[in-house]
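Next up, some structures in structure tokens.
Consider the two complexes below, in which chain A is the common component and chain B and chain C are the respective partners.
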Partner chain A sequence: MPGPELPTAPDAGPAHGACTSCAIYNSANLRKLGVETGTYDYVAAVAGNPNTGKSTVFNALTGLRQHVGNWPGKTVARAEGGFHYHGHGYKLVDLPGTYSLLSTSNDEEIARDFLLFGRPDVTIAVVDATRLERNLNLVLQILQITDRVVVALNLMDESERHGITIDVRHLARELGVPVTPMAARKGQGVPELLESVEQVARGTVATRAHRVKHRDPRLERAVDVLAGQLQQTFPGLPSTRWVALRLLEGDPGTEQAVRDGTLGDLGRGIAGPEATSARPTGTAAR
Partner chain B sequence: MTLDELRPDHRATVVALEIRGVQRRRLMDLGLLPGTEVRVDMTSPLGDPTAYLVRDALIALRRSQARAVHIEVHDDEPGRR
Partner chain C sequence: MSNAHLLDHAARLRDDLPADFQEGIVESIYSDAAAISSSTVSRDSQRARLTADRLLDRALTHRVWGFAVMGVLFFAVFWFTIAGAAGPSGLLYTLLVEGGHAWLRDGFVALGSPGWLTGIVIDGAYLATAWVIAVMLPPMAIFFPLFTLLEDFGYLPRVAFNLDRLFSAAGAHGKQSLSMMMGYGCNAAGVTATRIIDSRRERLIAIITNNFSICNGRWPTLILMGTIFIGALAPPALGSVVAAGSVVAVAVVGVLTTLLVSWGLSKTVLRGQTSTYSLELPPYRPPQLWRTLHTSLIDRTLFVLRRAILMAAPAGVVIWLLSNITVDASSIAAHVVDALDPLGLALGLNGIILLAYIVAIPANEIIIPTILMLTMTLGSNLFGAQDGVMLELGSAHTETVLIQAGGWTLLTAINLMLFSLLHNPCSTTILTIWNETKSLKWTTVATLLPLTLAFAVTFLTATTARLAGWI
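Moving on to the complex of A and B:
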């Protein structure tokens, strides 16, 4: 399978010579670090619906053996590992599966909070190519909060077996972020995924995430006002527009977190104290 | 007509969700929106919960949830999807 065409800036790859998109070259540059994340430059989150192969992708990149099995809900807490690629350290965070950032169970909350408030430099959205329509719900929700997304279109072997063909270039263009087809269990597509993750992390490819628009301009204005107030009350809090929308919906959990101030702790706490000190060249100033 | 009345192996299209707040959100996150096609897959002995096929995945709904989903039944076949 040919590598995916990035949605924008076709010649914006890193300056590593001619063979940077060549699979063997890329894999040779991957050093799996297991749990030894040490210091790192970038944090990448692995998110997606349950049972889409997130832990399989995580294991392929870190060399770890996170629990993998053929039923949903295996990963119930966040697992961390690391890898080194083209001279940069990455911390990778494997998240529990979730269908939505909106209505959530306990494991789903772990994933939601990390995506919203953990400030990952890249989010790898692992999707099941045999159930694309269902999986895109979460992808679109993630694209509402960040541009720094790579879609890992996994289980391509299964979808081919079912006779499903996916227009990957078109999908990438519509979503506005790179889409890499893969069959993670066989290691297929891993080099291309690495390349896209690096490009998004380092900002060498311009992504322009598809944003679902709200129909009513009054709603947009209300979100602007509330998000501004949240920014003042909780300085540095990410995803304030998302939080503002939940408040406008009257979501009880969000209202409570604002009232008792735990919302601010979410914004500070999740990356962990070690994460801020150990990121010499990260993008903390975003 | 509502989803709890849909007979096994008949297909229908969701036309409205008569439910608000968190419960409505949950149904939408399960993939049930106006325009979505749905089919009964399995009923438990007492018919509660029932498994439905929605967007290539099985979801289980309690009768109280299914009652909030207004549908239009397709008038072809039973059986095929």
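Moving on to the complex of A and C:
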């Protein structure tokens, strides 16, 4: 169902026509807050490969005008903004674009640390529909850390022009998380994205993230053993398998988090080092 | 709390694994991604080849034509800027500097404002601000949208691609061409953008050389100098073309300096391996004209203008105070300029320009207004021109102010352009460099190396010009 008929975002034009009765068209539901995040109920992160339109999605939701450049590596720091949807406040964090979460360059570390320690309630993985395979490498890595993910299948208009058809429902089934086709530059798909973001953030939709199976049985076993121990030492820690893999690799940042116990804070639902210190306590515990 | 046993255990488990197990992890991710992708994506092979993009890329990243197109495009951008900005700048000058200044001054005097207050507010803060607007707004309002259109279209990564070979030859990281591009907007942003470079060695090279990307604050200086001194050498019909050519020439000198300094650093204090990386060329996208105009006008032009005005008003006050507080029968500014003049003249500049660069450390944007104001208040004393007439001159006569009251020559203009290109980064950028490196040593190097280079180069050109008898 690639989308020449993708609906348009509430703000892209006057809200007239047949769809005004439809909930997601109710433009009153989305209140763009710019940088004024104020108090918020949920934290949402925007992650993805470079130059897939993360900043465009970020701007579409917050009403901010983060400079959007048509080149990879434009956003190297975290940008933050906010929006209100269906009576809930969201803080939106635009992460630097990365190809993976495995290596240790500065921008990848920022993205990885925020996903791991910031524990966003929902992560919007922005994906370039014209380069799905390469983009999925990152999505699969994100899914190892968290299953609270919505995939924004962006640049559908371009993939259409390239003669690429994507079976969106099959993709969602394979990944185990909602997938929203979009053309964020034109504001298409924004209402559906908001709907999915809300469902995942509030836990009203069940996600079952695709887990990467490792070919080598010895590795599988080692990960299982270590993940079990992590579970015992840090009860409630999400993404134990992912942390176990990093420890097997000897990743210095993860080792440090184990040594000084910061990892344990995640299990207790206390905010990570820098990410969510301003977070209202009511929503942190789950 | 010690969880060392977990780490020990992980180390033991690691020993049991094959040495290349990490590649196995990456491989499993890639093969899963490939499997999912192949089961969801289908291609219409007839439309799959998007030949226009390919053809365009072949031309724009061609070994020879790529550079030719680059030169033509940047030249066109500057020519549009210079040719288009002259009229509006003159109009703003007449309105704000001539009309507005006299009108406000009369108003203040009529209200019985004491001389020092009128001086600080009107002759200081207002005049500097009005000048910044008249000099900067028109060129920026043309230059930024044009530049943003190129960026939106996807051209900048092609430039980076073209320059990549040169950067790796200079022992620097290819991604440095991207942070250099960012530097053409703002050096502080360019320095932050070097985060995309993993290796510390190559990142330091990129940070230190980012200063040679001409930033927002310096374009107006170059454009103005190019217009009134170099463009004026050509017949009137070709004036703006020659002026644009001179600005492009300075930008090219900047790129060459970047490469040369990178090469020098990578051969001496920052020796090491050159990293390999892959640069993704994004698809060409039709620029969204209205959105681009809107964002580049509101976000970039007005943002930069606001910063310039915030800096200009206090600088105007400082200049007025310096020029009007008298010690030993002449103003503080006159003393400082007298002291700086020998150095300034040796560099082919003058004391006023050097003082202006000290006042303008917080923001390069205000260099030209500062020079003009200092020249008008001091120039008459220093160079014996008539007192008091300069305020009445129009913007077309900025040249006259500088030549008659300031004693400027073509050499002064050329050396000001070179000094503007090479000199130390502004205070915001220096602070950013400190934040990014957390190293006093490298922050000092990044500040003083360009300044030393600026002194050396301008001294060299000035001495050469003198020995050759050109001035």
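Assume the second predicted complex is superposed on the first by the 196 of 286 C-alpha atoms of A that agree within 3 Å, B and C clash if a C-alpha of one lies under 4 Å from a C-alpha of the other, contacts with A are read in each partner's own complex, and residues count from 1 in each chain.
Note that contacts are C-beta pairs under 8 Å (C-beta built on N, C-alpha and C of every residue); 3 or more make two chains touch, one makes a residue touch a chain.
On a predicted model such as this, the values are computed, not experimentally measured, just so you know.
Student: With the two complexes superposed on chain A, say which partner A:245 touches: chain B (first), chain C (second), both, or neither.
Tutor: second
Student: Based on the superposed arrangement, let me know which partner A:216 touches: chain B (first), chain C (second), both, or neither?
Tutor: It touches chain C, and chain B stays clear.
Student: Which partner does A:102 reach: the first (chain B), the second (chain C), both, or neither?
Tutor: Both partners, chain B and chain C.
Student: In the overlay, answer first, second, both or neither for which of chain B and chain C A:236 touches.
Tutor: A:236: touches no partner chain.
Student: One more residue to check, A:158. First (chain B), second (chain C), both or neither?
Tutor: second
Student: State whether A:228 touches chain B only (first), chain C only (second), both chains, or neither.
Tutor: In the superposition, A:228 contacts neither chain B nor chain C.
Student: Counting residues of chain A touched by each partner, does chain B or chain C come out ahead?
Tutor: C
Student: Between chain B (first) and chain C (second), which does A:187 come into contact with in this model arrangement: first, second, both, or neither?
Tutor: Neither partner.
Student: Between chain B and chain C, whom does A:203 touch in the aligned arrangement: first, second, both, or neither?
Tutor: Neither: A:203 stays clear of chain B and chain C.
Student: Which parts of chain A are in contact with chain B and also with chain C?
Tutor: Common interface on chain A, chain B vs chain C: 102-103, 130, 133-134, 137, 250.
Student: For the complex, give me every residue of chain A touching chain B.
Tutor: 99-100, 102-103, 130-131, 133-134, 137, 250-252
Student: Considering only the defined contacts, which chain C positions touch chain A in the complex?
Tutor: For this pair, the touching residues of chain C are 1-4, 6-7, 9-11, 13-14, 16-18, 21-22, 24-30, 32-34, 36-48, 50, 151-154, 156-157, 160, 175, 178, 181, 192-193, 195-198, 279-280, 282-283, 285, 288, 295, 298-300.
Student: Could you please specify the touching residues of chain B with respect to chain A in the complex?
Tutor: It comes out as residues 21-22, 25-26, 29-31, 55-57.
Student: Flag every residue of chain A that touches chain C in the complex, lowest number first.
Tutor: Chain A residues touching chain C: 50-51, 65, 67-73, 76-77, 96, 102-107, 130, 132-134, 136-137, 139-141, 158, 161-168, 170-171, 174-175, 185, 210, 212-216, 218-219, 222, 225-226, 229-230, 233, 244-245, 247-250, 255, 258-261, 264.
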